[in-house]
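Below, chain A partners chain B and then partners chain C, in two separate complexes.
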Partner chain A sequence: MIDLIAQSLFSGLLSGAYYALIALGLALVFGTMRVINLAHGELVLLGAYVSYTAEERLGLDPLASLPLALMVVIAANMVVYYLISLIKKDRELNSLILTFGIGVILTNAMLMIWSADIHSATTPWYHDAVILFDTLFAMQAELVFAGAGVVLVGAVWWWLEKTWYGRALRAVASNRDAAKLMGVDPRLTEILSFAVAGLLATVSGLALYTAKVIQPSLGHNLTVKAFIITVLAGIGSVPGVLLGAVLLGVVESLTVTIASSALQELAGMVLFLVVLLLMPSGLFGRAKRRG
Partner chain B sequence: MAKLLEVESLRAGYGSINVLWDLSLTVAEGKLTCILGPNGGGKTTLLRAIMGLVKTDAGSVRYRGVDSTNVPTWTMVRNGIAMIPEGRMVFRDMSVADNLLMGAFPPKCRARSGANLKLVYDMFPRLYERRDQMAGALSGGEAQMLAMGRGIMEEPELILVDEPSLGLAPVVVDEVMAILARLRHEGRTIVLVEQNTNKALKIADHVYLVRGGKVVLSEAAAAVDLHHLHDLYFARDTLNA
Partner chain C sequence: MSSTKITVSMIALAALLAAAPVRAAELKIGAEIPLSGSLARVGGAMNEGIQVATEMFNKKNGKHTVKIITMDDESSPAKAVGAVEKLAADGAVAFTGGYGSNIIGPASEAAEKLGKVYMTSGGVASELTKRGLKTFFRINSSEGYARALMGLYGELGIKSVAVIYSTKEATEEVAKMLETGLGAKGVKVTMHAFDPATNDFKPIIHKIKLQDRPEAIAMIGYENDYVGILRAAKILKPDIKTITGVWSLATSKMAQEFPDLMENVSGTSTLSYPAEFTTQEAKDFAETYQKMFNKAPDYLGIFGYVQSKLLFDAAARAADAGTLDKGGIATELRKTVTDTVIGKVRFDQNGDNPEFTHRMGQHQGGKVVLVWPADAATGKIKYPGLPW
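Right, the complex of A and B next:
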């Protein structure tokens, strides 16, 4: 039983790091633009499908298809940004409707192009098992992308805290007019944040394709997961994303081991509600964001 | 004396409400120009219109002889103009140090940002004590100091200061005025918007009185008759007319 729990905790940690990867792009755009990109999950899937096509048609290793997937997903996210920038009034609310619509369109476009079949990476290396400390099992892909998740969370945090453009991004979110007075063109920083979100979505897509399975209708689930983690984290908190994601991963994994896999999604939602009841502004949220 | 900034027949406002009515004034290089006037007279709107934060409907703004009407704010900043807005416009959810570093965002200011940061901390020791705190936690006076420090980080040739004495204790107002006088002696051009007539007059070279979106008085500071100025300030001229 101890072994089982240990394995379950380990798997929870790994999927937590992978969840962090998915949520980070959404959290970044949410934190810096107050826009919830409801098409984020679909963009993750788009990256995964580009990688699938590259492997299927060109025989490319999924990691080698990263540049191609990056181009497609970032270009798609630029279109999303352009459409959002056309919104003149109540951007926070209207962008929800817009990005939800984009998500539906993307899902159906992917259905038409790639059909509803389930796919996963065929390169065997990714699915090979690794055994740590004689007891803990993981797929190589899981380890690679859990590592990527932790590294990218750290990189985004560093970027926002310590670089000129990262600071400018926070400044635009904090006070748009004051940021202009500092010589910042707010549109440039927003384009940058969408580009980085696109990059994060692409890496998540590769993780999804190599460690799990892909199917066009999954996008919505991914967005919901990412959104839950962003809110758990506290809006605008990057380290919170990692903590929130790991918490969700571990709770889901333990629920599957101890109770039943049928309760996995429920456990995530219960966690979400409990945290919001006890800490309404999230794990790392600041009490008063507006004002 | 060279004209650094020329505003001609400027008309600007918010939506259907017009605030500035064909306002004209000039700012001489190396001088401290003071814009006085009652609340709601259009002083802040004038600064915002010069900086491109408010669209102008008519008239022109020329900086160093070049037409700069409706040029984007960030371009004006990169051309060497800084506006120090009232203290409410600090980045409330960023640390004091990050607020100051934002002032050095224009690429040409970044190399010297470390030295300038030290300069600002020397000028305002309070900011150094509170460098890791969120700017939203500062008192009104400290936020005003932060806004000034942030403006100094921009290494501007022309500084537009919007009511720096607003809500400050009299001792702190003296301090702020001394710092503005010092910046002017360093060769920077300053436009000071104020309601505190007496203190502003002591450091000003030229004075404009703006009321109802128009210039009603333009005089060298030394020539200003306070009694006459206050009559205009409180619109006693129109009462007697």
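Right, the complex of A and C next:
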């Protein structure tokens, strides 16, 4: 049983880091602009499909397709930003409807371009086994992108906390007019926020393509997962995203081992509700208020 | 004119009318099918079979023609009901298509209310044929899939099986049938349900490896589930002798897309790959399919073709009998007993095809070899045989 629990915790940690990677882009835009980008999952999927095309047509390794995928996804996210910027009234609510619509359009565009067939990376290296201490098993891709998830969470946190642009972004989120008076260009910082979110979506897409299976209908589920983690974390909290994602991953994985996989999504939702009941501002939202 | 002359004239006119040939009809058939959403891939493949059946019918019938009106149900039960109602309003006399028992259920009830036949191969849950509907027909069922798996296990003398199954209605039903059927034969069965959103199967495979220690693993899910399960199994390498599954597994697409995962994996299959067609009808079907879609047919296309062909033939006979609008299609389908590309088909009072039994195919060297039953086999099963 100890072996089972150990593997379960290990799988949960890897899943958590992967979830964090997916949620970070959505959390960043949500935290800085109060915009919930409901097309975020579709953008992740777009990155995955660009990687698939590069591998299938050009024979590129999925990691080597990163620059190409970055260009496509960031450009797509810029279009999303442009459309959101046209909203003059009730941006929080109207952006929800707008990005939901963009998500539907993207899903159908991917369906038309790439068909509904399932795809996954064919480079064997990504799926080779890694065995740690003779008891913990994973795929190479899972370890690589879990590491990428942790590093990117740290990098985004550092960027927001320690750099001028990061502070400018938080200032715009806090009080747009006051930030303007301080010489911050709100439009530029928001564009930057969407560009970084596009970068994060692209890396998530590569993780998805190499370690899992992609199909056009997956985007919505990714958005929902990312949204749950964002709320769980506490709005605007980057470390909260990592903690919330890992917590979710571990709870889901332990549920499979101790009870049944059929209950893992339910367990995740119960965790979500319990956290919100006890800490209505999310894991790190309350901690910040106390501070 | 005397009354005698009038009577004779009336009788002569009636005789003439009765003897007049039935006019050729354009039979409008509605295809309600998922072309977008989560079931888009399977819906698209079935739709190809429907198009081929239409092409072949129109080429061969010589009298009636079929016009297909297609509506995407977007993989949604509510949209499927709307599609059926819209298709009926557009003049459809019957419906072919449908995928997913949870979608087919309400869609076929809408068809029943309209008094029109609903024909499918996309919903295998037994509940569908226990509703007492008079206009619902399907050519396959859960029993046929479970029978094939149990038949193969029986032939191999397997004594213990771990069943990994999705909690969707159809997959859960096949899994329960396996549990009951294999249990009755003294086979030790352990069950592992998984949520359809699951994409990391390592914890399940690890439990199977350390606790269950079965001789075989049965996967009852869909393509993305199979890939996840096989990848997890390839990493954890449980000490089993064979790994099997049901639909969408022993297919040319899986052989081409995931060659590193599929070797020695078995699944239900109607055809070997590359396909070997023996009857004239099957050869014509394959040729038309190749011409229309520039590829070899897969099992979903074959099912779509068979269900539609049977429906078109029944509609044509009903048109000949002048009963098209009077429940004639259902009557003609109930009279149907025929050999098809998937084997014998007849319909019982519930619209089920009790003759349906699937075959089992195994991936071997990039091909799919039919390995069960013996009379349909195109090769021998590799046992023990695993992808790693």
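We adopt the following convention: the second predicted complex is superposed on the first by the 285 of 291 C-alpha atoms of A that agree within 3 Å, B and C clash if a C-alpha of one lies under 4 Å from a C-alpha of the other, contacts with A are read in each partner's own complex, and residues count from 1 in each chain.
As a convention for this text, a contact is a pair of C-beta atoms (placed from the backbone, for glycine too) under 8 Å apart; a residue touches a chain by one contact, two chains touch by 3 or more.
As the structure is a prediction and not an experimental result, all values here were calculated from the model.
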Which holds for A:E265: it touches chain B only (first), chain C only (second), both, or neither?
second
Considering only the touch criterion stated at the top, classify A:S85 as touching first (chain B), second (chain C), both, or neither.
neither
Contacts for A:S120 in the overlay, against chain B (first) and chain C (second): which applies, first, second, both or neither?
second
So, A:A138: does it touch chain B (first), chain C (second), both, or neither?
second
Can A:S281 be said to touch chain B (first), chain C (second), both, or neither?
neither
Does the superposition put A:N175 against chain B (first), chain C (second), both, or neither?
first
More residues of chain A are touched by which chain, chain B or chain C?
C
Answer with first, second, both or neither: which of chain B and chain C does A:W164 touch in the superposed model?
first
In their shared complex, chain B is touched by residues of chain A numbered 164, 167-168, 170-171, 174-175, 177-185, 236, 286, 289, 291
Which positions of chain A touch chain C when the two form their complex?
3-4, 7-8, 11, 14-15, 107-108, 111, 115-120, 122, 124, 127, 129, 137-139, 212-213, 215-217, 221, 253, 256-257, 260-265
Note: in the complex, chain C contacts chain A through residues 36-38, 40-44, 75, 167, 192-195, 197-200, 202-204, 206-207, 210-211, 223-224, 227-228, 231, 234-236, 253, 257-258, 260
Residue ranges of chain B in contact with chain A within the complex
51-53, 72-74, 77-78, 82-83, 85, 89-94, 98, 101-103, 105-106, 110, 150, 154
